[in-house]
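Down below are the structures I want you to see.
Heads up, the next two complexes both have chain A, just with different partners, chain B and then chain C.
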Partner chain A sequence: MSASLGDRVQVTGDREDRTSNVVSASVPRHSDANGQDRIILENVSKFYGEVLGVNRVNLSIPPGVTGLVGPNGSGKTTLMNLMTGLIHPTEGRVSVLGISPTRPEELFRRVGYCAQFDSFPKGVTGFSFIYNTLRLHGLDDREAVRLSQEAMERVGMTEPALRKVAGYSKGMRQRIRLAQAIAHHPTVLVLDEPLNGLDPMARAESLELFQALGKQGLHVIISSHILHEVDKMSDQVILMSSGYVVAEGQIHTVRTEVKEHPMQILIRCSDPNLLASRVFAQDHVVEAKLIDDGKGVLVRTRDADAFYLLLNQLVVKEKLSLDTVAPADDDVNSVYQYLIGSENKTI
Partner chain B sequence: MAVYKRSYKPYEGGTTSDRWRFLVLTRYGFSGLFDSRPFTGAFVLSFVPFLIAVAGIYFAHSATLRALLQVRGPGPNTAQINNYFFLAFLGIQSWLSFLLITWQGPQLIASDLANNALPLILGRPISRTEYVLGKFLVIASLVSAVTWIPTLLLFFLNGGMEGNGWIWSHFWMLGSILLASWMWIAIVGLVALAASTWLKWRVAASALMLAFFFVGPGFGAAINFTLGTNWGHMLDVLYAVKLIWVGLFRVPVSTAQTFNMLGIPQWAAWCSVAGTCGLSLFLLNRRLKAREVVRG
Partner chain C sequence: MTRLARLRTTLAEQPWELWTRQIAAVLRMDLRKNFLSRRGIWIYLLAFAPVVIITLHAIIDRHSGSMREDTEVLAGIFQFFYLRLGIFFGCLGIFTWLFRGEIIEKSLHYYFLAPVKREVLLLGKFVGGLVTSVTLFGLGVFASFAMMYLRFGDAGQYYIFNGPGMGQLLAYLGVTVLACIGYGSVFLALSLLFKNPVIPAILVLGWETFTPVLPSIVQRFSITYYLKQLCPVSIPGEGLLALFTVVSQPVGTVAAILGPIILAAFVLLLACKLVRKLEISYVAE
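What follows is the complex of A and B.
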């Protein structure tokens, strides 16, 4: 599935050819023969009449936090709806932990979904909202009360639980929706823009919650426009544009696949001038720029591994003292700019 | 992630039966239904004909009361408790139930659509069919409470007062009452739900429902008049219902002719009813999607 991004970026018109040019940096496709621990989409397309939802999507999502990133209308929500069986693919096959989304009874016992719509039934309280959804999951009264209270506590909404949702702030409503998604202890959590409207404190708490759930082995699929937060919380990302998956996998690996844009590495050291002159002699280094304070060099290289090897050699040979070596564009934001930013310009 | 590192435990406790899960939706539907005091008032008022009918049955069988009121024997001044009586009572109750459902029925799905609650509800272990069934049962329960349940009570009350095997000799009427009522429930329920999926605004959905029942007869009459036929009645589902009920309650042909109730054959009336239900189901299937298409 891996392919050179150079091919992909050059494709501007012929959509038919694009699916073979997805940057894929995921771990091996099927860690389990039956896909029991993965969310698998095989050649999935969804069209709403003539409108493209997603096209020829192939994904195999392992446990952990997966960030779903893309501009408006790129197909993120469609992809989430496909995973949760709320819509069915025009073509292809979807399997969530080995369960087909056409079997809602089985699927939704294991999936928690938080749609992007900020809407609630009329007159409902926070507690009754979660309680009612748990009853729909088939829990009896006692268990539904217990799990409702647990979920409210988990999102910090115990105190206003019995107030009407209509009187909640946007952040509180967002947290209640999150609570209903996690209340029944799902194995897969699909969250469409779950951080919208949250204040910084609530965002930090939510991110912490997602990461904790991901570390415990839960599949957490999150779509978001806040790239640095996606970067912070995601174990892997899926980048989408115009209905196509343009990249998937761990962000560092995806970045290394983006060979058209040389990798930027910031080095702070005892002799930046010397370092700049030495590294610039290398073919793979396309730029070595002294930064404004004169205490570091920003290097752009086509081969990060070769550069790190060279840096080791220089440190030993020239007796350089290094303060910092940090990738400057090894994050979702940069990858997004390189892949989707350029995509939008070319289409 | 290595399996041994996975510490997350999904919910493994017991759950209620899948078969009756949709009743949760029915219960929610009811909880919102009687929030409106005028509606609750109208619902209570819809039992007034029942009380009058109970009084009528008692009056027809109570010689003492008739003597007190100086009415002599069963005659023109006393109610005849027969198939006409039950047909008339069911007809009145059906109209009242129709008004109640036109009032509150369309909000059952329209409010979910207006609130974008469908993804929320269908993102549970519940299918679209169960969702519709859950909502339909709200209407069915409401209409049942107003139509066949009081009619059956009257039937048994009259049977008890008549004695001498009246119930057994009129046992066929039990089937007629149930079949006629459930046919009505199916039509009103499905049309109300279909209307509510097409218009998110409750008032507009109610208007659409009324239009369906009253514009159809207009077209039908126009067809009958223009083409000189009776087949236009096929578009008038209320006419079809009346015609079927006349058959179910064994109203003699001469009486039916008097009320112009033989315009189309029985099978055509059943086709009209089946067509209405089928069309409603088709519309429900078309519109009831748990997603929103963003165009452009």
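What follows is the complex of A and C.
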């Protein structure tokens, strides 16, 4: 049975059986029964000789922006290469919108992949790089020119289009690869570290582009080390470590399922001392700490729902005025630290 | 529905037009690389070295030698140099680089990420290699032939246009094409099978050289077995030299033409299987 980012809530097993050690959670989504709108990996393992790439991965990824997070060597690129057929699974089955990656002639009409390899065919210009790929699609000259120009415009590369790629900066090379991946208007976009080497302005524009594509109903799978950016753009995340999927789903729900680490909630209100004393009496509240400026309380609770209920009651009863109520560790970074640990610390 | 009718329907349903456009796209990219790459200079040398030697011979020995002698010399150059060294190693350089070069330059994934059947991609690259090798070695053979007879003036012209010259030239060019098809397919398959195809290629060279001493049925799996008998001028061979020139049990001309083509088709089918399984793993290179 596959774990689904869209319709399952599953709590971990122990670390001995890493396949069941998956935090999986998300709100239900509509999905067609045959997986025609999903990327599905069923019990997928990939070994390079005796070296583990990924092991027993089960995923069902719905449309939207999915962040793929994990330290170096965790299997992110292997997973993306498996989805796009650049490598074949040792075991298991992969299906992208119902198409097997062993059928590139169908798959890449709908999939664009911006791989991590920073290499290009010799002597190409930015334009000819994209144009040649579109001709490989079987498009005629006029259509290939039109789509090439459109893609270069989308990534802000119109001006250096006719210069040789060999003379591009790292950021420009990254953008031209992105342009090549989106040029044929794919419905699935797989992006391996697409923000590497981009300046802040280009990063912001790329993030905006990915979010816009996700909102259009595309699958956008993005691997990144920059956790706060993943947090900002992703509808759901897949956390990987040492070749295993350790958590998947919407980040808030994944965080809720990490019971070993109580949720941290920051409340700024009119009487933080009173609030701290009231909430600390509850069993599920592990800690209630006044923050440095004395205008708020940081609460750590094992049951966030019960806490929010209690807070509502206290507000009415004690006539408290609330300025802010916000989860303090309900983000990818915290989940990453809790599940993968600081030994693999990323940015 | 008969099997033949089913096959005909299946073939008619295939997207031939799309495949043709895709092969043309592969050719557009590959031909430039094949012809203009700096690492291919030695292939130009292989193709045109005999032309330089024959030209020097034509200049230095312009008042000596006979046309008959030179025709035999040309036959020797073609059989010993072009067939066994020039075209063999030229095809080794061109065809093994078609995929292996892309892997070394880490650009093969761009082909694999396009909606192209791997078999169509392989065919496109093979045709690209074929166009390159046939152009280079065809021009080399043509120029060698022209330079050889040019020094005889009117007699040379007469030999070419009114004698057996033109037929010999066409036969040499035909054998060149067949050699490129045969060796090209073998080296393309080897490059998909081995990371370093040079050692297996040397084994192929050994096989091509020494199959004449094996039973005739085994000889039919050698490309030179067919090509030798299609050469228009036979070279008198004695002793060890006969190993390279004499065909013990020749087949008919049509069979000799079809032999390398069938062999190449079989090898390309095998290569199609290999390319379908090929993975992008540049780190391992």
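Note that in this section the second predicted complex is superposed on the first by the 320 of 347 C-alpha atoms of A that agree within 3 Å, B and C clash if a C-alpha of one lies under 4 Å from a C-alpha of the other, contacts with A are read in each partner's own complex, and residues count from 1 in each chain.
Here is the rule we use: contacts are C-beta pairs under 8 Å (C-beta built on N, C-alpha and C of every residue); 3 or more make two chains touch, one makes a residue touch a chain.
This one's a predicted model, so the numbers in the text were calculated from it and none came from an experiment.
When both complexes are superposed on chain A, chain B and chain C end up clashing with one another. Judged by the touch definition given at the top, the superposed model places A:H88 against chain C, while chain B stays out of reach. More residues of chain A are touched by B (comparison of chain B with chain C). In the superposed model, A:K164 makes contact with neither chain B nor chain C.
Touch criterion not met for A:R302: it reaches neither chain B nor chain C. Touch criterion met: A:T187 reaches chain B, while chain C stays clear of it. In the superposition on chain A, A:H225 contacts neither chain B nor chain C.
In the superposition on chain A, no contact is made by A:K289 with either chain B or chain C.
In the superposition on chain A, A:P63 makes contact with chain B only, not with chain C. Applying the stated contact rule after C-alpha superposition, one finds that A:A115 touches each of chain B and chain C. In the superposition on chain A, A:H252 contacts neither chain B nor chain C.
48, 81, 84, 86-87, 104-109, 113, 115, 117, 119-123, 132-133, 135-138, 140, 180 are the residues of chain A that lie in the contact sets of both chain B and chain C, per the superposition on chain A. Every residue of chain B that touches chain A in the complex is listed here, in rising order: 1, 3, 5-11, 13-18, 21, 24-25, 28, 32, 35, 111-112, 115-117, 119-127, 289-291, 293-295. Against chain C, in their complex, chain A makes its touches with residues 48, 81, 84-88, 102, 104-109, 112-113, 115, 117, 119-123, 132-133, 135-138, 140, 180. Within the complex formed with chain A, the chain C residues making contact are 18, 21-22, 24-26, 28-29, 32-33, 37, 102, 105-107, 109-118, 120, 276-277, 279-282, 284. Chain contact summary for the complex, chain A toward chain B: residues 37, 48-49, 51, 62-64, 73, 78, 81, 84, 86-87, 104-111, 113, 115, 117, 119-123, 132-133, 135-140, 143, 147, 180, 184-187, 213, 216-218.
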